[in-house]
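What follows is a pair of complexes built around subunit A, which joins subunit B in one and subunit C in the other.
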Partner chain A sequence: MRSLDRYGPAALGFGGFVLFLVVVEILIRLGLINGYIVPLPSQVIVALERVIAEEGILPRFLLTAGEALGAGLLVALIGIPLGILLFEADLLRRATENWVAAFAAAPIVLVYPLFLVIFGRSSWTIIAIGTVAGLPPVILKTLEGLAGVRPVLIRVGRSFNLTPWQQFRTILFPAAVPTIFAGLRLGLIFAMINVVGVEFLINFGGLGPLINELSERYDMPATYAAICFVVLVSVLFFLAVERIEKWLRPAS
Partner chain B sequence: MASTGVLTSSERASGWRPDPVLWVRLAIIVGVLVLWQVVAMSGLLYQDVVPQLPAIVAALGRLLVNPELYRNLWVTLYETVLALVFGGVAGLFVGIVLGGSRFFGRAFEPYLYYLGPTPKIIFFPVMIMWFGTGGGSKIAMGAFSCFFPVALSVAVGMRAIPPILMRVGQSFRASPRQMVQKIYLPAMREPVVNGLRLGFGIALIGVLLAETKLSNQGLGFLVIQNYQRFDMPAMYALLIAIFVLSMGANAAITRLTSRSAASGAR
Partner chain C sequence: MSTATNLHQVSRKGAAAATGGQPILTVDHVVKSFETPQGKVTAVDDMSLDVRQGEFVSVIGPSGCGKSTLFNMIGGLLSITEGEIAVAGERVNGPHPSIGMVFQEESTFPWRTVEENVAFPLEIQGVGKAERLERAQHFIKLVGLQGFEKRFPAELSGGMRQRVAIARTLAFQPKLLLMDEPFAALDEQTRLLLGDKVTQIQQELNQTVVLITHNITEAVQLSDRILIMTYRPGRTKRIIDIDLPRPRTSEIVGSDAFGRYVAEIWNDLREEASQGMQDEEALAQQRKRP
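And then the complex of A and B:
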């Protein structure tokens, strides 16, 4: 009974997914779903192998991952100092914190034609969009982490007569690190989503254009397979980032 | 947001004093504008990339009196609202089912949780195959994008409903429909509305991006058209208009919900 409770939901989830594929397969074979629009799931699985073997997946993946990591690095290098700046300058924070939050909700990715003009149709455009999209959560979470340091820790620092720099380096920043990591995780995910999205939109780079090319060839099974592959890669990316965050995060 | 609102109203009562926050904001805006103009005039960057402010203002003026803008604006809004309706209703339904049952939640929610943040726009070729190159594929794109945040937000909200409310419903032998209408929805107004607010922004992004990829109308199409004509002032003007629109819509929904939440609490 206990094992049913533990593995039951996961089995149902996976089983439901497989059942869905089987039903789709049957419906297409019966002609109830148009096979020209929705390829047979079995064909998609076969095509997945073909896509991985023939379309140069590894260099494409490395390019996309490199762009996402480049954007993530820039997000960290720009976002954390900006968050610290806003924390130190309270007036500036009160003036701009809402702006940053509003910016996070705005359709930032839509400025990609502008970046195309500035950086050309190159990886730089993609990295720039990823960076801009990833910044708001990192800035806000850095600020939140620093502002949320427990007062008792700050008083300990004061009682040791720490200089402001020592106070920051030994008390404030380490205490804020868990929250900052949470922000970095969000920033990296936002950067990755936008990197793949813009790759698809401008048809340049690694995994994004793959879907374009296959759909323009009207190779439906391979298009579906490529979409599944990109979704799979993104999901693995999220899992990895989540793991790394947990692993790096000091016990709080 | 609320704290600054309280501050200014109390200041207003004691006579108007210049608010330092306001000054800082003005200084930042003026500083950015001046810097922009200096860069534009210095010729350090291509003038097409950084056009002078008067050119952008003139383009904004031209844009706002151009009936083309409003025609395309309505197209985009229409598609976004329909996307929000389809995606929102589906998300609400799935969220209630997943949040209402621990078993279903544990079985299917991880899929939503991990599929939610994947880049939805890559499904666009499939949407074109299913719904055509017209408005249908844009609506589908927006609906598909906003389904995930709404469903996840509702599922979390369902779990936060105090059990006592559920038991009240059960003791009245409420039918599932009555439970949804009388217990679930009123009890989780906040997460539902929050999900819809998030969903609106995401549906708008989905629709706009789909329009930039393949379309002959809508604001996204206008942006790409300006890009292809290399009319940078017009593109800046249009992007400003879109950002103001999306932030305004976001603020309006937030205000609407805080008011309805306040009246609900009374």
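And then the complex of A and C:
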């Protein structure tokens, strides 16, 4: 029973995914899905080896992962302090909160020419766009997390005569960690989408240009195989974020 | 009553008398008013109270009488409009290191284990990790939570969480333990049993306690004296000495003397509580009108 509790969800998730691939395979083979547009999952699996051996996927994977890491770190290092600043400065919060929220919905990627002018056709453009796209949810969720701390916890801190810094370090921040991390996850999604998207658009960097190139060659199995590596970058980042959150707040 | 009990009772009374000259808490003609759109509202009016070392005093009154306002003023979380509050001879102008507060709402830190919660005030005081965990252990034992040190609050019941909050405040080693309806969210049986625990801790530490409550049974079970407040503005209606033997357990709720105290206090409170209820109904009527 205990092992079912522990491994059951992962096994069900993996099993469901395999079942989905099997169903797609059958539907393509039956001609119900166009095999020219969607490749056979079995061909994608075979193409994984080809992509690794022939397309130099490892350095490309590391480059995209590095850009995503850079954007993710900047999103956290800029977004969380900005959220704290808005929490502390009420006037600033009221003046900018709606703007930040509107910014979250804006298609930042469309202003890539501006970033190209500023940073050139380099990884810095990709990291900068990824960072700008990932900032709004982190700022808003940090603000929401801090503003939502239960008043009684703040009163406990006051009753122990904590300094403002102690109050922030020992009560406000740890209490807000789950909400801040919800924002970080969203921010990372936005950053990741934009990193790969801009790589694709400016044909520079790691996995984005490879996907572009493979799709233009109409090598659909290899295109999907390369997309699998984008998913892998995303999975690795989510696991890392989960680890950091667990470390910061073990009871989460 | 056993001889041992009698001796203990005498020694406690002796200790209280010996330190009787210098109260731990002095509330001196305290007034608290608030400015509202409807004008000035006085929540607490001319209240005075002295609490001696080792004494357990409860403040009881109907909902909305200003009990929590008084709690926040004594704890230094709310400013005083008139009068003065002093703890251990020092005037209270804000949170004071001699006062430890336990709140009505669940107030443990969910991201800390039981021992980390209890060790929190020691951590703030800069006590080293090994020493603070060792000292926390003493207070964890005192509230009967040994074996749960590594658990998180989410893994504990409401009563256990409130005991963690009490242990955390005791680890602060306050001269005055100030509690605002700490068992309000608990069922009656748990409340009675926790009352036993609080009584035992208070006697063991000779801790001075002020308890804010609306529960008559709880007040009589725990207190040496009970201050009854009037309904709006909150004033002292009467102070009753509870002359029940100590050490006391919840078994005392079945005694005739206990019942007489409960009846006597309810007699004083009934009029105030009725007034409170009428006010609430009038307010609800006003809200209903377009």
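Here is the rule we go by: the second predicted complex is superposed on the first by the 167 of 252 C-alpha atoms of A that agree within 3 Å, B and C clash if a C-alpha of one lies under 4 Å from a C-alpha of the other, contacts with A are read in each partner's own complex, and residues count from 1 in each chain.
Assume a contact is a pair of C-beta atoms (placed from the backbone, for glycine too) under 8 Å apart; a residue touches a chain by one contact, two chains touch by 3 or more.
Predicted model, so just to flag it, every value in this text is computed and none were measured.
In the superposed model, A:Pro174 makes contact with subunit C only, not with subunit B.
In the superposition on chain A, contact of A:Asn194 is made with subunit B only, not with subunit C.
By the touch criterion defined above, A:Asn161 reaches subunit C but does not reach subunit B. Of the two partner chains, neither subunit B nor subunit C is touched by A:Phe61. Of the two partners, subunit B and subunit C, it is B that touches more residues of subunit A. Contact with neither subunit B nor subunit C is seen for A:Trp124 once the two complexes are overlaid on the shared chain. After overlaying the two complexes on the shared chain, residue contacts for A:Val152 are found with subunit C alone; subunit B is out of touch. Within subunit A, not a single residue is touched by subunit B in the first complex and by subunit C in the second. Taken in their complex, subunit B has these residues touching subunit A: 1, 4, 20-21, 24-25, 28, 48-49, 103-108, 110-111, 114-115, 117-119, 121-126, 129-130, 201, 204-205, 208-209, 212-213, 220, 223-224, 226-227, 230, 232, 235-236, 239, 242-243, 246-247, 250-251.
Those residues of subunit A whose C-beta lies close enough to touch subunit C in the complex are 150, 152-153, 155-156, 158-162, 166, 170-171, 174-175, 177, 249-252.
By the touch rule above, subunit A contacts subunit B in their complex via residues 8-13, 16-17, 37, 91-92, 94-96, 98, 102, 105-107, 109-114, 116-118, 189, 193-194, 196-197, 200-201, 208, 211-212, 215, 220, 223-224, 227, 230-231, 234-235, 238-239.
Note for the complex: subunit C touches subunit A at residues 75, 77, 94-97, 99-101, 103, 105-107, 109-113, 120-121, 123-124, 152-154, 172.
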